[in-house]
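Common to both upcoming complexes is subunit A, partnered first by subunit B, then by subunit C.
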Partner chain A sequence: MNAEPRILHTPAEVTLADAFSAARGDLPGDAGVAAARVVAFDAFQKKGLPHRRTEAWRYTDLRALLRSVPPAPPAEPASIAIADLLPGLDRARLVILDGIYRPDLSDLSGLAGVEVTGLDTLLDQGDERVGALAGRLDDAMVTLNTAMMAGGVAVRVPAGLDVTRAVEIAHVTSGAYSVFARNVVTVGAGASLRVVETFTGPNAAASVANIVTEAVIGDRAKVTWAKLQAEGDAAVHLGTTAVSIGGESQFDHLTLMTGAAISRSQSFVTYGGEFARAGLFGATMIGGKQHADIMLGVDHAVPNGASRELFKAVMDGKAEGIFQGRIVVRPGAQKVDGKMMTQGLLLSEDASFSVKPELEIFADDVQCAHGATSGEIDEDMLFYLLSRGLPRAEAETLLVTAFLAEAIEGLGDEAIGEAFEQIARDWLAGRKTLA
Partner chain B sequence: MTAVRSVAAGMNGQIKMLSIKNLHASVGDREILRGVNLEVPTGEVHAIMGPNGSGKSTLSYVLAGRDGYDITDGSILFGGEEIVETPAEERAAKGIFLAFQYPLEIPGVATMTFLKAAMNAQRKARGEAELTTPDFMRRVKVAAEKLNVTQEMLRRPLNVGFSGGEKKRNEILQMALLEPKLAILDETDSGLDIDALKTVSDGVNALRAPDRSMLVITHYQRLLDHIVPDVVHVMAAGRIVRSGGPELALELEANGYADYVGAAAA
Partner chain C sequence: MPAVQETVDQVRRIDVDQYKYGFVTDIESDRAPKGLSEDIVRYISAKKNEPEWMLEWRLEAYRRWLTMTEPTWARVHYPKIDFDDLYYYSAPKSTKGPKSLDEVDPELLATYEKLGIPLREREILAGVEGASDRRVAVDAVFDSVSVVTTFKEELKKAGVIFCAISEAIREYPDLVRKYLGTVVPTTDNFYATLNSAVFSDGSFVYVPEGVRCPMELSTYFRINERNTGQFERTLIIAEKGAYVSYLEGCTAPMRDENQLHAAVVELVALDDAEIKYSTVQNWYPGDKDGKGGIYNFVTKRGDCRGDRSKISWTQVETGSAITWKYPSCILRGDESQGEFYSIAVSNGYQQVDSGTKMIHLGKNTRSRIISKGIAAGRSDNTYRGLVSAHRKASGARNFTNCDSLLIGDQCGAHTVPYIESKNASAVFEHEATTSKIADDQLFYCLQRGLTSEEAVALIVNGFVKDVIQQLPMEFAVEAQKLISISLEGSVG
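Right, the complex of A and B next:
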């Protein structure tokens, strides 16, 4: 599609090339990793930043949106107070500060039996967990991450271990820096794990965080995973989660997007074994001139898989919400059951919501469906609440929270759901009434 | 006709619970209310009957303060106070309650959460203390039992999956808990079987009180067998065209609305 080499590079692409040249000698990894970085950067450079003619990125034209790229974070570790976005949620915490895993800031209590390692150790040992899933993705941001990844964390849950305490992987950016991190999570057969992935940074700092997480979920394992993107208001968030789910496993994933000026959150889920079930949920709450793009790819590579997708988005101000969802049912993947629903709620006339659902079905005995709606707050419902004496702001908050709650509660984890619903209520409390 | 009750309404006998004068209301270019005059003294139950399209439901929405209607002329005095410009939520706090013909299903909003939010919002607007949770629970339990509203219904999202009868019972439950001064019942009998009609009517009758007025809007006479009004008004083509005692309802049942439809169109 874009085979001929491009000669003109945008300033951001030039900065990235300079950054790679400057950093490659210092980035962690053995000789194999170093060689893979060069291959990856060459591949990135050939195509450049994704743009509007790159189908998967058509709504998030990074070539136009990414005017400049901030510098790498300082080698001297930053020391900052880390806000608690989820008060009341009991969890262990693995802190990734400016892309580097920081055991000194982390809390591993309740994780007995779980192996937690810095990414640099895996790279230095050429550990095959890194790239096992991301290596299969043809995506410019993943490729760039493979070239530039500086740190991150690896978590391994042995077979059969039931980790009851939630684990937060807290990505914190301390300022206007470019951050490239890679996390690797491996859940053994029959094990269970609850993950909360958070992304935060200061307001007014034009950071760019390119974070890739690879998760391999074993047979009969049960994993609940909630992502909270609450970056600072000038940040660019480029997050990718690549997951493989084993036979008879259950994987529930929620993406809540509320921060950053520009954000793109991609999730790619591949069925590695039969009778696996995935629930994929999203709740976006944006206003002002925020741009939030969710990209979902579900690959039913084997028969008898089930997936449920429910993505909700609330847009205020001049915000742009985007959802692209693609469900693929491979040849022979019979008895697949996949249903995808997307619903947008526009709180302002200048807000927009773009949806592109795609089903690619190459098996004949499947049940797949998708639907999408977009609209304003239901005037009849609003009047019903007002007529009972609820103030307008409270009535709107109740309706919007209820709208989002269906997706948040889909995760099926009461404690995490409650913490995330509080974030939704706080966001709504921070905006004025619509009238 | 109501000399005794009008004393209760005020020292001068002039302040009515509801006093509508020459009310005109339009949606877009279409005028639906064309000069409604109506007075409901404190403590009385008035019925408004009329054919479909006569403006009955519009009147109920306009009284409750729904957006989307242009009030082009006239006044609505509630307890002597002009409320035409008052937003719906403030009217509710002042004591106006509308039982909807089609109560809305609101997924994701728990019935109990909604009831508590509504009761406390009105109390707050009136400068009263919020209810404690035990006090709230007790009030709901007492009112729900009378209306045969089960705990299971209360646990569900507001009206979601409720039958027609359950929705109407839930409306009267809200009315009982919110203790309005003026209750407007819009086609509360629609969609009810005989048993449900009796439950709902008993619930409404239990709420009749010397300091509470009701406006019962209905197409059919049968509701008025159960909720016997003090006065019956006939509405046609956006006006009250005739008023009388309860016997007027029986006359309409026997003769239909044909006379009024013709007269109003003329």
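Right, the complex of A and C next:
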């Protein structure tokens, strides 16, 4: 008998360990990738699922929330239904079905000059684009993704190319499966790209999607990126976006969270060159017993960067909204200008909102600020609209839409913004009036 | 020109060291053996002539402490403390408990005189002219014992009890038993549990129903002995409708070793009562290379137990090598109020991790947090705070403002607020900024003929004005001077 203490694993952790041993022989990648998978899984197993005492995950205790882990998806799903959540938005479409890139279901028109490859090809070639950014993150879900990633898509925009048609990366889950996907997007110097990332799946299917996207944005490039998380109502969504932005580049990102039972969306933005600007926006609309957590990390590693963050959340029913934001200004990163705002609107007695906006600053010549508010609909505003003859439901919808629109419009892309605002209006139309 | 000469003198003083309370009083003292064990806990309890229940209370805390580990979540770094390498009890030999002023060792009186804390009742607290009608009662704590408490008789006439806690345990056991450990339980956290086991002295204040305490109460803490830790315990109870304002000050000699100060402060405010608690913390911060200094690991918490009660914390933190301190308010009573005003100045290699917790439990509770952090030199200054509204805390309101000012490019300023609302009608607002002193402000002052140090002092004092205004007058003047001194040498 050895006397070493036994580490207790939750049933979910045990299932994950079994899933890894069963799958590792079949997962794509060369010898280097295979070795990295083992290292990553060991690292994950040592720490286990993040829990209450894991500071970055304190409001999303996966050890308690993730009771079981569904099986891996079958090679070919029984039926494929891909909903169009953004009618009216002209875009090319790359479909990732159950974590695997499907050229047969995709539409690449308008993407001349853009290189689109399945992730398996990159892994088999040991391409260094995979893990270039995610490898630097110390996060259990990213580490787990590194061990288990089965597919995804790689997009490369050559320098100087202006891609005008929006590109949708559509993640579709066909049932109650565990999905691990990794996408890699590379935008060359001076190029431009508009991305819409969507996440959907059927209701009542307890799927777990762990999806990591790495985006390297070159100098002077301009990228607009909107994420729409509209998973099925029993799903668990664990999404991470790691971005590095080059000198004088501009990066605008919007996260709209409305689906899934439990969701966590993480964005980590690192400044790789001076005079880059990033706008990071979020709109969360949840009800029932939904739990939506947004984690944001902005790393001003170089001087002269600017960032704007605006995150809005509307919680109805017994929903739990969470925002954790962190702006880091590294030693020597002078003249940084960072402003972060987060606002929560509670529509019901039992809803809750937790925020932790952090500033970590090691340079003196900076301007950084953050703000946070939490409350209910302003009675005065409501009264004003009622006195103008608007029915209560309509007045509330108007106020809530206006509240969310500020964040959605921050993206600065009219077509995408309009499509996302429609989703907000539909969500509001679907909920009952306040008592 | 005299002004120039003054500046030169000032700068010269910085070269040596600007901490002016760093002297040692040479006094014979009585110490417990080094280290911590059940026997030491018994020793301390016996020294204080404590009743059996108190000893049991301490021992239970000690046993609990043995099972606990040090917290590591704060943004502070220091070598591991060897808790067996400390003296947990040290008292000047000549004093057998605070009796009358005439029995106190003149050496001790001289020490307090030197610190600007007159203990003779005819005198008043230093500093302000024209304040002769204002009197402050002082409890002077030297290492592990309270040496004297002034104005006791006069306070007694008003019904106010103000004495050393060791005395209260003997004289007013029922009151102490009823409230001790009810705000900060013995199991609260590593340092609070340690304090519960070995606390030596501190102040006890009881203000009966409807009484407005006739004068400011104050405790002055002094660490003198080498290698000792100071573990004081303060308990303040304001009965229904009572009011009390309490001040706390502290200093220590300059030593190249780190000394531990782990205090616990508990405040209880019943219906309509108000407690105002002010601290000017000026423990020795270590020398310019970061050697020595006090580790200030303090648990302070107020319980607004009654409806419409109010607890207000004001702190000026300029000393200590490491500060780890979160004066908090539990807003239990309906319509109760909590306030937190803080100025934390760090220079040299100081590390400050301080903030507050406002826990809204009752209806229509209100809280306000104003925190100003100033980091200079190679210091790190963190604000860490929690504002939470319980499900039943309808109508709760909070306003938080934390600003940080950075002086120099080697220091760090951090803000880590936690905001948790479980009630729709709770309205929370939080704002924070970080910046440096604007060049145009500095230029304006310079061209008016101020030196750059004076200009910085002026601007910083403007920056912290919101908080200084909350301090009792005598302390406000002192605090303003303290801030200028702490920042000396930070402008280069």
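Quick note on the criterion: the second predicted complex is superposed on the first by the 426 of 435 C-alpha atoms of A that agree within 3 Å, B and C clash if a C-alpha of one lies under 4 Å from a C-alpha of the other, contacts with A are read in each partner's own complex, and residues count from 1 in each chain.
Keep this in mind: a residue touches a chain if its C-beta (ideal position, glycine included) is under 8 Å from a C-beta of that chain, and two chains touch if they have at least 3 such contacts.
Quick caveat: nothing in here was measured; it's all calculated off a predicted structure.
After overlaying the two complexes on the shared chain, residue contacts for A:Ala154 are found with neither subunit B nor subunit C. Looking at the shared chain after the overlay, A:Ala402 reaches subunit B, while subunit C stays out of its contact range. Once chain A of one complex is fitted onto chain A of the other, the partner contacts of A:Gly344 are limited to subunit C, with no touch recorded for subunit B. Using the contact criterion defined above for the overlaid structures, shared-chain residue A:Leu133 touches neither subunit B nor subunit C, since it reaches no partner. By the touch criterion stated above, A:Thr373 is placed in contact with subunit C alone, subunit B being left untouched.
Of the two partners subunit B and subunit C, more subunit A residues are in touch with C. In the superposition on chain A, contact of A:Glu55 is made with subunit C only, not with subunit B. The interface of subunit A with subunit B does not overlap its interface with subunit C at any residue. Listed in rising order, the residues of subunit A touching subunit C in the complex are 55, 331-332, 334, 344, 346-376.
Residues 64-68, 87-89, 92-93, 97-98, 100, 103-104, 106-109, 113-114, 117-118, 121-122, 125, 157, 174, 178 of subunit B are the ones touching subunit A in the complex. Considering their complex, residues 73, 391, 404, 406-436 of subunit C touch subunit A. Taken together, the subunit A residues at the contact with subunit B in this complex read 379-381, 383-392, 394-395, 398-399, 401-403, 405-406.
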